[in-house]
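In what comes next, chain A is part of two complexes: it sits with chain B in the first one and with chain C in the second one.
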Partner chain A sequence: MKERIGVYICHCGGNISDYVDVEELSKMFHKEENVVIAKDVMFACADSNQKDMVQDIQENKLDAIVVCSCSPKLHLHTFRSVAARAGLNPSNYVQVNIREQCSWPHSDRPREATVKAAGLIRAGINRVSFSESLEDIQLEVKKSVMVLGAGVAGMKAAIDLAKSGNEVFLVEKDFFVGGRIAQKDKLFVTGQSGKQIVASLYDEIKKQSNITIFTGTSIEKVSGSLGNFHIDLKVKPRYINGKADKQAVKRAMEECPVEVPDAFNLGLTKRKAIYKNYPEALPDVPVVEAELLKDQPDFTAKFASTLNLNEQEETISLIVGSVLVTTGYENYQPKEGEFGYKTIDNVVTLPELNRLMELNPQKLVYNGKEIKSIAFIYCVGSRQKKGENKYCSRQCCTSTIYTSLQLKEKYKEMQTYHLYRDIRAYGKQEVLYTQSAKQGDLYFKYEDKEKDFPVVEKVGKNTIVKVKDSLTARKELEIEADLVVLVTGMVAREDSTHISELFKIPIGRDRFFNEIHPKLKPVETVIKGVYIGGTCQGPKNVTESVQSSLAGASKITALLKSGTVAVDPIIARVDTDACTWCGKCADVCDYGALKVVEVDGKKVASVNKAVCTGCGICAPVCPENAIEIAQYTDKGIESMIDGFMLDVQIQEKEVNADEVQDENAVGMKEYPQVWKEILAGMTDEKNTIPQIIENSKLKGELVTYHLMTMNKYGVVVPAGMDQKEEYFYYKKK
Partner chain B sequence: MATTATTSQETKLPKILVFSTDKISDPGIDQAGLRKIHYSPSVYVINLPCSSGVKPRWILHALENGFDGVFIAADGHECSYSAKCPEHTNTIIQTAQELMKEKNINTKRIRMAAVCSVCAEPFASHMENFSKILAGIEE
Partner chain C sequence: MSKVNPKFATELAKYGSDDFNACFNCGNCTATCSLSTTDSSFPREMIRYTTLGLEDEITASLKPWECYYCGECSTECPRQANPGELMMSLRRWLTAKYDWTGLSGLMYKSLSLSLTAFILAFAGVMAFVFSIHFDMERMMHVGHLFEMIAIGSVAVVILLPNIVRMWYFTILKPKTKVSFKKYVTSITDLIVHMFTQKRALGCDDNQFRWFEHFVLVLAYLSLLFTTVFLDWFNATNLFIIILGYVESAIIFVVTVDFVSNRVKKNKAVSKNSQPSDWFFVIWLLLMGLTAFLTRMFIDFGWLESNKWLFIVHLTVLVQWALIIVPFGKWTHFLYRSFAMYFAKLKES
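The block that comes next holds the complex of A and B.
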């Protein structure tokens, strides 16, 4: 129980004190038992006030502080740091939000806002009375990182991590690196092909001695936690003799008698059972699909020294400090009959068209017919009315427009029609949209209602797309096209569920991995030490993918830098006397943080400190009430509830400026630094704002803003206008 | 500033305790304040890491000690801790309602809704509706 508490109530300029009587409250709480200091301060976060707080804590031997100001999301760390500087454990500080959750929403009822603030502050004092000194949990961490997925996001992040001194294991499920980007031809803005980017990244990776690449590799088992993840990998064999002559390998590829649909070309072509995704694919070693050669004894005998069909899978165990997941996305696969897909012979998806374009450098041919007109239908599989994909895939609009520009550049006489709900060509990509419109591409907007969606029909040998064009009063137009292209978006990978189960990464409703907070913790997951980047988190273009994976890499480097990590001590703890081990807590914990252990012959729950996220889900399910979360104890929460019930009567009182004030109860001991600078920039006579700005060398808007508040608190007074009536004069009071 | 403060009892506004969450619903409630969207000043908020961490005994404690209603501003499917958060929170509500029945407390005094990090208007609207429900309860 804390007995020497300091309470600081902030005016926040006037943001709080315009509606809440902070002076009255500070007087009221000054009289509270166990409250040694209660002050109202102009800006609690100001440097000068922070210094005062440090001094107060040290001089008055405070054992806890309550800061009543803005949302803890803004200044929690500021005041934790103040406490730490004063030698007070930061857990013995409570922030009370009397701005966003009191003065502002109740600015229409200032008297009731003051009553509410009193209750909030009382609750804060009650809570801090039961606070405990908690120390961060120190964990030793290995300076090694596993990057899952060697697409552009993973490769770039791996390089960055390696250059920052980490040992990196880059794990790719496919036998070749590059991911989806290798399937792209020219890319906006640079015009480089995806394959060129992959080659340059691979070249850079090979220069880093501290990156190990595993291809054809999947994750089998994960245990451990931040700093020491134990991960088992399963490495599939390539079935190529490592010592085989390169020419012999090449001949084996050429002479291989078995062909199957080529997944890299989305089934548009066939490939051999010994293959590379594309001739320059990396690593520069083909792969044998051994199953397909089972019935080819002559062929395998001929190349017996080249192939190694007895090669076995390998299991490798690694220990890493942190994990960056960049496993990418899958293309949405339209259902049979969706806009004629698979039921009408010349309907393809955008990724299929992109492959076709690369495979047809001279003229675009599909099903033996030269294509001279294309109708694109946007938002297929995105923004679904009936399906589960409610989100916008956001990169497909510009990908289509760029494809349209490439079509015209490559095949000259190509006419394209774009049937869209909305075009989302943000940032620099808007230039592409303008270019496309200028080159004669025709855009037809249809309503975002299912009944207005385009219809694809086969009329004789012709393919017709019917659309109700919004810009011509929803008149139905019929467009004849040689090829209909469905602009499909990104969806989460099928295997994300497997990765999610292994690493316990939460999955969102859109089935992509979930970050902690989209704005404030955009690459962090609730699993300590596990980060996400690129399109496994949601649709992104290449630039955005790389940005997010590099953000993850930077976070990991900062995390592992010192070899130890301080983990937040706000986690679950078990009262082993009360626990009777029923296992309910372990059942609801998605992270496996609770396990049964034996203490003095009794089975009880035990918390893995490194794994526990402090979510508290385990606490309410305990029938013995044996679990609580540090800082969210029954005593703490119930005392807050009691505090809210505080019944106050604050009598009307005129503030007398000349009244001698109790220094500990009311008022600023010192003006904020910026006020001092403004006052130093003023003469004893009248001053216009431009004069003060010039003398103080402060920014104009800063001076203007603070003069208003200084006037309100009687530090300066208005003194009429200048002769031209351009500016008000201000005078020191 | 000179003021006369009155108690919430004088204004007859039902007193509501809200359990919010650090990362999802509390920022939404903050945003209501930031945008000066008004709601009842008899609404008090305790924020927790996750709405599935609310103990039924806290709900009972509030209802037995002067609060007219308890509202859980849940993470819903946005929860970054558990995909099953809505189910867990729902179980907590059910358990609390059982306890409330045992103590002859009207089960309408507890309410839950998902509140996201930008749900400023929906939060204010939930508070208005809940206040009306609570004001209409006759024990």
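The block that comes next holds the complex of A and C.
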């Protein structure tokens, strides 16, 4: 129990004191038991008052303080630091909100506002008398990080994390690193190919001794928390004998009799059952699809020493301090018949076209026909009217325009048609749009309504796209194209739900991972120690992906730097005497913070301090009342209720009759100078704006703007229109 | 349903304008144009038709003729797509389109062909003067005769059918219903626009340009009348002689200004000059100059010893009448005024 409490009641310069009788309240609480000081102050947050408070605390040996002012959202930290400066533990401070909760909402009933304030203050005093001095919880953390996904975002972040002295485990589900950018040829702005970027990043990773890459690896199980995540990995075998001769491996690849559609080329080509995504793919070891070679005994016998078909899956357990999720995205796959996809033979998606371009260095050929004109249909699978992909995929406009420039550069004779809803070539990417328009690419804008979407049709041998072009007065135009390309957007990966369940990262309706706050905590998740970067969070281009993953890497480095982490002490705690371990608390806990432990041979619940967020859901479900949240103890809360319910007798504040008459429509003591001048300019019974401008000699816009405001607040009122019906008349109220 | 034809852009580039692909359809050009109205708005629409290659729409349109090229749109264009020059190029293209012989188009597109035509005309004149042994009197006589015959036959064989074609493309083919009465009552518009170019006064640039052009047209038409019907070179009436001097001097002075503007490129309208533009102004200038000098040499009795002067004049005359009038820029005199007439017919 606190016995030397200081209470400060703020006027807020009239914001509170105009309605709540703060002087009366301070007199009242001065007599309260355990209250040593009760003061009303003009601005509690003012520097001078803060100094006074520090002095008060020290001189009077106060053990707790209550400030009754505005919302804690505004000044909780201000007064906590006042307490700390005076040598008082900050958790012995309580803020009571008598502005947003009393004076502002109850300005029409000052007496009741004062009574309510008195109740809240008493509740605050009671609460603070049960407060305890709490210190931040210090957790030891391991300086190691797992980066999930070795795309451009993950690889770059891994390098930065390693350079900052962290042990890094880079885990990739595919057998080769690089992710989606390996499927792209040239990339804006530098013109480097995706594969070049992947190769240089891989090279840099290899130079770092503290990065371990796992390919063909998936996450099986996650437990533990910030500082000590226990993660089980499953590593799939490559079925290649590690000691085999490189030439023999190469021969095996060439001679392999089984062919399947090549997923890396989006099914446009076939590959062998022993394969690499592309010849320079890294790590430089091919993968065998053992399943497919089951019925090829001759082949497997011939390459018995090269292949290792008995290799087993491996499970590896790792402990890491933090996790960076950079699992990336998937390309939107159009439904059958969506703009003729799969139903018309020359309709492909943009990622497919990008693969085609790389596979056709000389002439662009699809289905055995040389392509000389391409119609792009934008926003396929993005900005959906129906369906969950309401978002704009952000990078596809630029990607298409850049592709269009590449097409012209590579194949010379190429006419492109761009059917768009809006071109969003933001920032420096606008340059590309200009270039594209100047090289003769034609742009058509279709309306953002489903019925106005372009239609792809086959007329004889020709493919025709029909579009109602907004730029040509919505005339229906016919475009003949050799190839129709659907500009598909980014969607969340199929396995994002699985990852979300493992790490408990929240996902949105669009199934991308959610950060805590898009502006202020853009790479943090609600799970402490788990960060997100790149396109697993939402559509981004390469630059933005790397920016966000590096932001995550920096946050992690800062977090793990000292080897310990301070967490908020307001969390659940278990009374081990009362606890009988029924498990109900663990059942309701969203974070898995409660586990059973044995204390002196008795099974009781234990709180993982690193994981608990202090949400309080466990406390009410405990049948033994053995669990409570620090600072929110039952005793404390009950005393607040008692305090609030106590009867308060307060005299109604006498209001000076003259003051009331002086008040005007707005409740201002005095109108601003401009308003006075405008009112002075209203010389007639009723005046139009031009007349007032004429009379007042003020600027036209100023008068118009202020007159609108004055009208809104009822200082002036409209009084019909003039004869020509050009202007409204206004008169003073 | 109109079919998009990107190849049209390449075709039109041969008529001068090739910047229009930069257009991003903001419509600043239409907003800034002082002649564009809600009912008949341009040039953005024409730029769009051109980029998409909607030939039928362009052929049926009178809008290129409704523009009098102040150049404001090109100055204001945020993409330097040069809409003014596009409208100019469309007028050239339409001129070629209306011409049933197809020679206009060939000459617009090929400078060497135009030059060949000019050389052939010169050779023809030389062959003729040789054949009559430089007999001054016969040269003068035939020159005068030529003028009359050339005017008549070019009008009947080339210009009239082309006007009919223009009428077919812009009125008949788009199925515009026009009453006979309207054809008659609107004729005043044709006359007014033909002789005053009234519409050009609506342009925001200085009215002096209109005045110069107006004076030039009057001088040109009256000189034509003076030489053909009043037989200026053989006239003895002092009034007629002085009238001819004044007319040819005006032509000379005004065209000198036009040519110097094109050389200096000081206004939007004179920034882009195609060969057809040069031929037109320079030959007009030469006509005025050589006619003036010829009459002066006659008056001073110098012509007999300076036959070359009349040969030059005759050459300029022949080239003008056989090349520039039927297939060159001269036709804008007709198409512009008929466009205003047809536009009036289209008004409901």
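Methods note: the second predicted complex is superposed on the first by the 448 of 733 C-alpha atoms of A that agree within 3 Å, B and C clash if a C-alpha of one lies under 4 Å from a C-alpha of the other, contacts with A are read in each partner's own complex, and residues count from 1 in each chain.
Note that a contact is a pair of C-beta atoms (placed from the backbone, for glycine too) under 8 Å apart; a residue touches a chain by one contact, two chains touch by 3 or more.
Predicted, not measured: the structure shown is a model, and the values here were computed from it.
Using the contact criterion defined above for the overlaid structures, shared-chain residue A:Gly440 touches chain C, although it does not reach chain B.
Of the two partner chains placed by superposition, A:Asp452 touches none, neither chain B nor chain C.
Using the contact criterion defined above for the overlaid structures, shared-chain residue A:Arg99 touches chain B, although it does not reach chain C. With both structures placed on the common chain, the touch criterion links A:Glu330 to neither chain B nor chain C.
Comparing chain B with chain C, the partner in contact with more residues of chain A is B.
In the superposed model, A:Gln415 makes contact with chain C only, not with chain B.
Touch criterion met: A:Glu478 reaches chain C, while chain B stays clear of it.
Touch criterion met: A:Gly508 reaches chain B, while chain C stays clear of it. Residue ranges on chain C touching chain A, taken from their complex, read 1-4, 6, 9, 21-25, 45, 48-49, 51-52, 54, 79.
Residue ranges on chain A touching chain B, taken from their complex, read 17-18, 21, 23-24, 71, 73, 97, 99-116, 118-120, 123, 506-509, 514-517, 521, 525-526, 570, 588, 590, 613-617, 619-621, 625, 629, 632, 634, 637-638, 640-642, 644-645, 647-655. The touching residues of chain A, when paired with chain C in their complex, are 415, 417, 434, 437-440, 442-443, 466, 469, 471-473, 475-480. Put simply, chain B touches chain A in their complex at residues 1-9, 11, 13, 15, 17, 23, 26-27, 29-34, 36-39, 41-42, 44-46, 48-50, 52-58, 61-62, 65-67, 77-85, 88, 91-92, 95, 117, 124.
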